[in-house]
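Both complexes shown next keep chain A, but they swap its partner, so chain B is in the first and chain C is in the second.
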Partner chain A sequence: MEEIRDVVLEYVIEEYLEDEDEEINYETPLISGGIVDSFSMVSLKRFLEAQYKISIPDEKASPEAFDTVNSITALVKEFTS
Partner chain B sequence: MSNIGSYEGRLKNFDWSIAEKELGYNKGEAINIGWYCSDRICEMGKAGKTALIWEGLGGVARQYTFDDIRVNSNKFGAFLRSLGLKNEDRVCLFMDKIPELYIGFLGVLKIGAIAQPLFSAFGDESLHVRLDNAETTAIITQRKHVSKVRRIIEKSPYLKHVIIVDHDGKKPLKDREMTFNMEEYEEPKDFEFFPTKAETPSVLHYTSGTTGQPKGVKHVHYSLISQYLTTKWVLDLLEDDIYWCTADPGWVTGTSYGIIGPWSMGITQCVMDVGFSAENWYKFIEKHKVTMWYSAPTAIRSLMKAGDEVVKKHNLSSLRHLASVGEPLNAEAVIWSEKVFGKPFLDTYWQTETGSIMLTNFPGMKIKPGSMGKAFPGITAAVVDTKTFKPIQEVGKIGLIAFKPGWPAMMRTYWNNETTYKSKFTNGWYLPGDRAYIDLDGYFWFVGRDDDVINTGGHLVSPFEVESALLEHEAVAESAVVAKPDEVNMEVVKAFVMLNAGYEADDMLELKIMNFIRKKLSPLAMPQEIEYVKTLPKTRSGKIMRRLLHAKEWGEEIGDTSTLEDDE
Partner chain C sequence: MSFNEKIRAMYVEQIEGIKDAGIFKQERFIHSAQDADIEVEFPTGSSLKKVINMCANNYLGLSSHPEVVKAAHEGLDTRGYGMSSVRFICGTQDIHQELERKVTEFLGTEDTILFPSCMDANAGVFEAILTDEDIMISDRLVHASIIDGIRLCSAMHDTFKHSNMIHLEKKLLLHADKRLKVVITDGVFSMDGDTAKLDEMAELCEKYDAMLFVDDSHATGFIGKTGRGTHEKYGVFGKIDIITTTFGKALGGASGGCVSGRKELVELCRQKARPYLFSNTIAPVVVSGVLKVLDILSASTERRDKLEKNTAYWRKGLTEAGFVLKDGDTPIVPVMLFNAKLSQNISNDLYDEGIYAIGFFFPVVAKGQARIRTQISAGHEIHHLDKALSAFTKVGRKYDILGKTKQEIIEMYGL
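On to the complex of A and B.
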């Protein structure tokens, strides 16, 4: 669990964070916070699927499920366990 | 009774002078949108009325009266003048939906400069080609976006000023960078707006076409006339309304109806600069008692997807009138909105080039879910034959949407591209590039685009632009980009990619290519799917046949390909 959320956090910082000074944590709102928009969410989903060799159904990939690193981690766990 | 009253009655003896009179404008006099949206409202005795209610992330909120808007836009104007900026200089506004964007827009217009708003999610390349084309002198931006400007500034010699509105002093400024703090800047005494005339350029919005680079659509200050009247008659705004236009001013809806329309009428509007979630949106409507809501089909379909239960958790009874723009609003969304909000979303049809609403469903009119409605008074609209370009008389026959030129908000040209501008007119009609038909009652029904441009979430994406960017990725040898159907966004970008030797077609490479386009162009332009192919269908002279790939994606008949193999 720890490992997944650190990987996701690092990926979000690397790929989506525009403001170099902004700091985010596991609970920072990503979608509702405007860090990841609905179009970019597709690439984040694709990353999770490629990284963890899982398939996340579209109906599970809601803005709410992708809103924080913690909620994303829980989603990944659902499909990896 | 709605503002428009009887639609049939308005059609008789319509003249745009109705708006001129209401705005107190006489032909030949100065007309400046910045002044009309702030100073004039104050002179009408509404200086203390709330103009903007703004909310950002984490509950941060700011509120401005019309007098605040007047004073702060004057500050912007004075600051820009102090840098030597003058009328017709291009000033880019590259910000999220923060108050400085809305107020700065008016400040730019007040000095007679041309406002060039750009969507803040644009990547480096998208930003650069647009600044380069307009030879933009100054860019107003935020700390969070300045890194993009830094990456292109060396190849942007005309860009003299990079103005950061929220610099906190923690990091040093670089060459050509400076700070402007709207709240702290001293109010200029005796600020005079530049006396722009009807045909003085006002706004430069960029839009994408099938071929070539994005085109800068040039509008003039006289556009106010139709933006004001369409806001009044279609959006039906009343003195005590709380209006929410969800569009970003990086796009034309966000300026025509997110700034100019409501503020020229002296209406209170609210803005939420927070990412989408159904819960947040409903909370916002409930909290601010929004009465008029202008949104987009993609957002409405996303709300539908979130379900009815979340709607029931909120008191949305303040909503009086709903409208939609950006792409065709499907019948299901109209019916759903009537079910859950008690009011249907009324579809409006227009585009960057038209500057204001052209076809629409009016308040009080019989609504046919899925239809774009009828022409705004003063607009001569038709569906013309694709070969003769004459209006089709036959009910239900599909042709091209066409408008007789001459309404006030119509674009005046494409920036530095008069040839393409002229190509938009045939047989005396302006052709927006969409196909439609007219039913027995005179309602227009959207059918589709007449070209390869992709309409994703209400924004146009050029397949050419994406294909060009894809070729810059080291793994890509050739590509073809088409629209793919999407439940929420209507269309999304799909790329067919041939790889260079030595690259393996796997998921991680697909992700890398997607992110490459997202950062270079924008999230909208990022292919949502990449299909690796060995070959691409081409004409005999090597032109990629996008139509074949498009037909495959949409499950359409491909038909006789022998003709397609010839150059068209």
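On to the complex of A and C.
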């Protein structure tokens, strides 16, 4: 769990943060907080699928499920276990 | 009938919310033709004020050019006022086809299709040429009309960080399995005035078998040595698969736009693009004006050369006065103020000094990036620019921001 969480956090930081001063944690709201727009979710979904060799159905890839690093991690875990 | 008081109250509340957020937009009425010198009624009901226009997209000063006006009159006399039909029923005249041919030649593409606006071109093009097997990869700062077009298309969508070629390459690799890939960018970004690195983008697109799409609305007519656009500036003339652009800015400034590029893509737009199929095209009077504009620009680079000189003069003047500017060499010159209220106050003070320049702030630009976006025109003479420079300096001194760094301005006024 820890490992997935950190991989996701690192990806989100590298992919979406523009300003080096911004800081996010496992519970920072990403989509509802305006850090990730719902358009950009696609690359995160594709990254997770490639990284963990899983397939996340579109209906599961909701903005709510992708809203925090913790919720994303839970989603990944659901498909890897 | 069912627009009852409850419903009205709901909308009133929504409008009040816009006002409370400080993003309520108000029009200013211009009582003269569009030009460097205009007469404006603002606030509504006040007497007319003569001001210098520093915020029009009238880059080449052709909006009220006598030859363009004359050509429009002739078009009105010979081809009438309206078409009362969409293109494929009985709404296409010989001059529409002539304009498509001339735009193709000017942009160095294979074919062109006219749209009622570039907004419509961007809204219709992606849905016409892509399916859910494909991917659109766009710069994060592309124009709102492109975002709407992307939303209307069933293809997958991803973004890359603004002008970041390393990130773009990562995305091309991530989506390598898709049937078709389209990389999407503005040629000149309208808020910052910077240009897309089209040479590097074209190279990446070639490497990863992706098509390249450029919206050159803020470039056609004046960017590049002969004003053909951003692709000319970066030495990739003839290599862009899809260019969209507008006739509503440098090219006379009336209205209309187009998709220009590979002939098969243009043909698919003709068959499938909804804003083309279900709306009248550009009115004959406007088509006639744009044809004259293209004749003027093809005959001489005088106007874009003057624009380039004016831009250099303006940038140098503002820099010497001590303003913080966004780097660049296009006629879009943003004066950075960072704080939204400061940008509004300075815009109002400039107006009092006879200078019309608008402040932009969130959500039009990112939070903490408020600015006055100035736009230079070939219609400006040095005396216009000198007067504007002296007004900017006077107002800048009032707010004590001259010679201050970004950090110092933020410390004084906040974000």
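In this text, the second predicted complex is superposed on the first by the 81 of 81 C-alpha atoms of A that agree within 3 Å, B and C clash if a C-alpha of one lies under 4 Å from a C-alpha of the other, contacts with A are read in each partner's own complex, and residues count from 1 in each chain.
By definition in this document, a contact is a pair of C-beta atoms (placed from the backbone, for glycine too) under 8 Å apart; a residue touches a chain by one contact, two chains touch by 3 or more.
Given the structure is predicted, the values throughout are model-derived calculations rather than measurements.
Peer 1: In the superposed arrangement, which partner chain does A:Tyr26 touch: chain B (first), chain C (second), both, or neither?
Peer 2: A:Tyr26: touches no partner chain.
Peer 1: On chain A, which partner's contacts cover more residues, chain B's or chain C's?
Peer 2: After superposition, B is the partner touching more of chain A.
Peer 1: Which partner chains sit in contact with A:Phe79 here, chain B, chain C, both or neither? Use first/second/both/neither.
Peer 2: neither
Peer 1: Classify the contacts of A:Pro63 with the two partner chains as first (chain B alone), second (chain C alone), both, or neither.
Peer 2: first
Peer 1: Taking the superposition on A as described, I'd like to know which of chain B and chain C A:Glu18 touches: first, second, both or neither.
Peer 2: Once the two structures are laid over each other on A, A:Glu18 reaches both partners.
Peer 1: Contact-wise, after the overlay, does A:Ser40 reach chain B, chain C, both or neither (first, second, both, neither)?
Peer 2: Both partners.
Peer 1: Tell me which partner A:Glu49 touches in the superposition: chain B (first), chain C (second), both or neither.
Peer 2: In the superposition, A:Glu49 contacts chain B only.
Peer 1: Based on the A-chain superposition described above, do chain B and chain C contact any of the same residues on chain A, and if so which?
Peer 2: In the superposed arrangement, which is not itself an observed complex, chain A uses residues 18, 37, 39-40, 42-43, 46-47, 50 for both chain B and chain C.
Peer 1: Which of the residues in chain A end up touching chain C in this complex?
Peer 2: Spelled out, the residues of chain A in touch with chain C are 18, 37, 39-40, 42-43, 46-47, 50.
Peer 1: Considering the complex alone, what residue numbers of chain C touch chain A?
Peer 2: It comes out as residues 147, 150, 156-159, 161, 171, 174-175.
Peer 1: Would you mind writing out the residues of chain A in touch with chain B in their complex?
Peer 2: Against chain B, the touching part of chain A is residues 15, 18-22, 29-40, 42-43, 46-47, 49-50, 62-64, 67.
Peer 1: For a test of understanding, state which residues of chain B touch chain A in their complex under the given definition.
Peer 2: Touching chain A from chain B are residues 57, 96, 121, 143-145, 147-148, 170-171, 273-280, 302, 305-306, 456-457, 488-489, 507-508, 510-511, 514-515, 518, 523-524, 526, 528.
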